[in-house]
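Submitted below is the structure of interest, expressed as structure tokens.
Just so it is clear, A, B and C label the chains in written order, and each chain counts residues from 1 on its own.
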């Protein structure tokens, strides 16, 4: 791989923007679903860094998404009208970035206490943090309390969603597929052996949480400006589980598999519109069935930790 | 002072409910080393079992009477015991040798399955249903303190059940086998313990207690619905961790402490909005400063 | 006496009511090959864990390169030059053989996050160099043709050698080997003995060896410390230890793998 990754990234971004420009003639519905797919890819790949690669079972990813979404939405709501139309994209980019950074800080707040916790305890603590974040937004009048925020500008388009998805994949894959990145997997496999070999487990775990949270925040910002409405109920434990299922289905730690899983799990409910009432039931059976038969995931090809 | 005593009484009742449910979490963690996410849904099923059983039983034994209450409670507990054993057999037993994370995720799947199947119209439906009155409700007033007879029943029955649990675990052969399995499964089976049977038994008891806890919880709640188990379940789990997960007296203690703290916070003006967050904040504090819980012992990994 | 590489001075560690190691005095000089033996449960692995910072002593002090190790995290001690293998092999299960070694090289030749993200020339150079060095190391131990296989798929003896290679990749000054001969047949043990002597010579490092097999210990160690119930009961050359009545008494009734 001789610098091809950066070229892929550039091509992907250009393609995304290209599709965006032509999108005026696309079917609104399909376009909406495509944007959802892009957002979910960001969520799944960012969670994969925490859960899959570094092996920290985090059940609170929706909380980071909420932080990014609310912060970004508040920024555009407050300043959107003050700036001319030409500056809107920059405001949007800035809002997303700030949302991501605040989410990353939340990731730091969650990651540090989680350092000494194993599997099940960690899952519960991250779940608890996710719930606390949700409760904070639910009781905060500044963020609309239980009703949430409405009237958010629909600034997210295909270009933004998929362009940023490409960036997320690039960043996470680049981090992991390097000598540096072996540290994440080492911490996952055997923390004590990793320590004995000079790997600082704290640094890797915290990095995973911070980077993962950052991109979840970006996804949240994109989501807010796609749906135009944000309510705390949409960022609950169930949402976190949905993202976790994508990571599990894709084979924890396999970037390509996780992307596929995100695509499929976003499109499937749309296809199953007719049986929407059974959606969560099917979801849960899927999880159970997967764990009983193929816990390593469905899309397992290639070695672990390699990007597509 | 009166306010304090009032909160104390309310807190004990809530704490008793948490204790009953927490026992199930801690017992399962003790023998299988994982958190049974589906436990919270068993308490919901207990409440619904009572909901459907109450009318026929009441018509035979009288509405809101002690015999009715007893029969409904016992039957619901039995039903949930069977449900618990079934879940273990179908979803957890095949994964006995797998990493604990796999079972955890499966438990989440089972939990969601029960919740969302319950929400379907053909099953329970998503709407909140009023919980039938099982016991004649009397208000007892002593000075400025008021408490409901239900609360007294809850605290009393819980005390009896906790004592029964203690007796079973400490003084019977089955209890000894349970403790053996929780210390070292392999050694226990080498000693002739039928590990599968003991684990089934653990799930049966835990689920029965959860069902009873669910019924008691519903007696104080405005109504029941398929997702009702999530919040009390989460609190009960936090209580179990608070007391030291895997430790039975710890679960009871944790339940009481959490019930009291939540009630006191709920009674304080200005802070009551954050009542929901208190439990989680407490959880995080415990795991930061004393992960083994109040009564637990930290397990160090052998290098 | 010149300052030793590793100085363990009156170290005691208590776990609750159990004193696992009591008043241990030990030192390892540069390029020395020292043995640490004793019956099961004597506290040998605990001593390793104390030296590598996994446990903190209840009392006493440990100095490495004249600097105290108290309160220093294990990964920092590794960066300072202490490396180890484990009694139960602890390879990185999800990684290839090559990656196991690469990971151990991350600490010292720390590749910067920035470089990994930018994927520029610096990154490629570092990656190439790391891979080259790792392969060279594997080649020395005849494991290079396995480089792409999963560590766990190797035969047992090769896994133990891989663990040693991985430990060496951190460029240590002191290498702690925890029962490297466990589960090996006599031929493999002979090869191991030569391997350890070779490693010590080629990499100019000190080695502290915990081992149950007396033939291995007596065969290669310059000095041997004997522990029993957490206390050191003897220290000396292999001949001195072999004849020491206290040592014989400690092992009386214990089955040893081979005859000394």
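Couple of notes before you dig in:
Assume a residue touches a chain if its C-beta (ideal position, glycine included) is under 8 Å from a C-beta of that chain, and two chains touch if they have at least 3 such contacts.
As the structure is a computational prediction, the values presented were derived from the model and not from experiment.
Here A is the chain whose Cα centre lies closest to the centre of all protein Cα atoms.
Farthest from subunit B in terms of Cα centroid separation is C.
Subunit B and subunit C have CA centres that are 49 Å apart. One finds 41 Å separating the Cα centroids of subunit A and subunit C. A straight line joining the Cα centres of subunit A and subunit B is 34 Å long.
In subunit A, the residues touching two or more other chains are 192. The set of subunit C residues that touch two or more partner chains comprises 54, 86. Multi-chain contact residues, meaning those touching two or more other chains, occur in subunit B at positions 303.
Taken together, the subunit A residues at the contact with subunit B in this complex read 57, 113, 116-117, 119-121, 123-125, 127-129, 131-132, 135-136, 139, 192, 237-238, 241, 244, 248, 277-278, 280-281, 283-288, 291-292, 295.
Those residues of subunit B that touch subunit A in the complex are listed here as 34-35, 91, 94-95, 98, 100-106, 108-113, 115-117, 119-120, 230, 234, 237-238, 241, 273-274, 276-277, 280-281, 283-284, 287-288, 291, 301, 303. Within the complex, the subunit A residues that touch subunit C are 2-3, 5-6, 171, 174-175, 178-183, 185-186, 188-190, 192-201, 207, 253, 303-305. Of all residues in subunit C, those touching subunit A in their complex are 52, 54, 73-76, 78-79, 83-84, 86, 90-96, 99, 102-113, 115-117, 119-120, 123-124, 126-127, 130, 166-167, 169-170.
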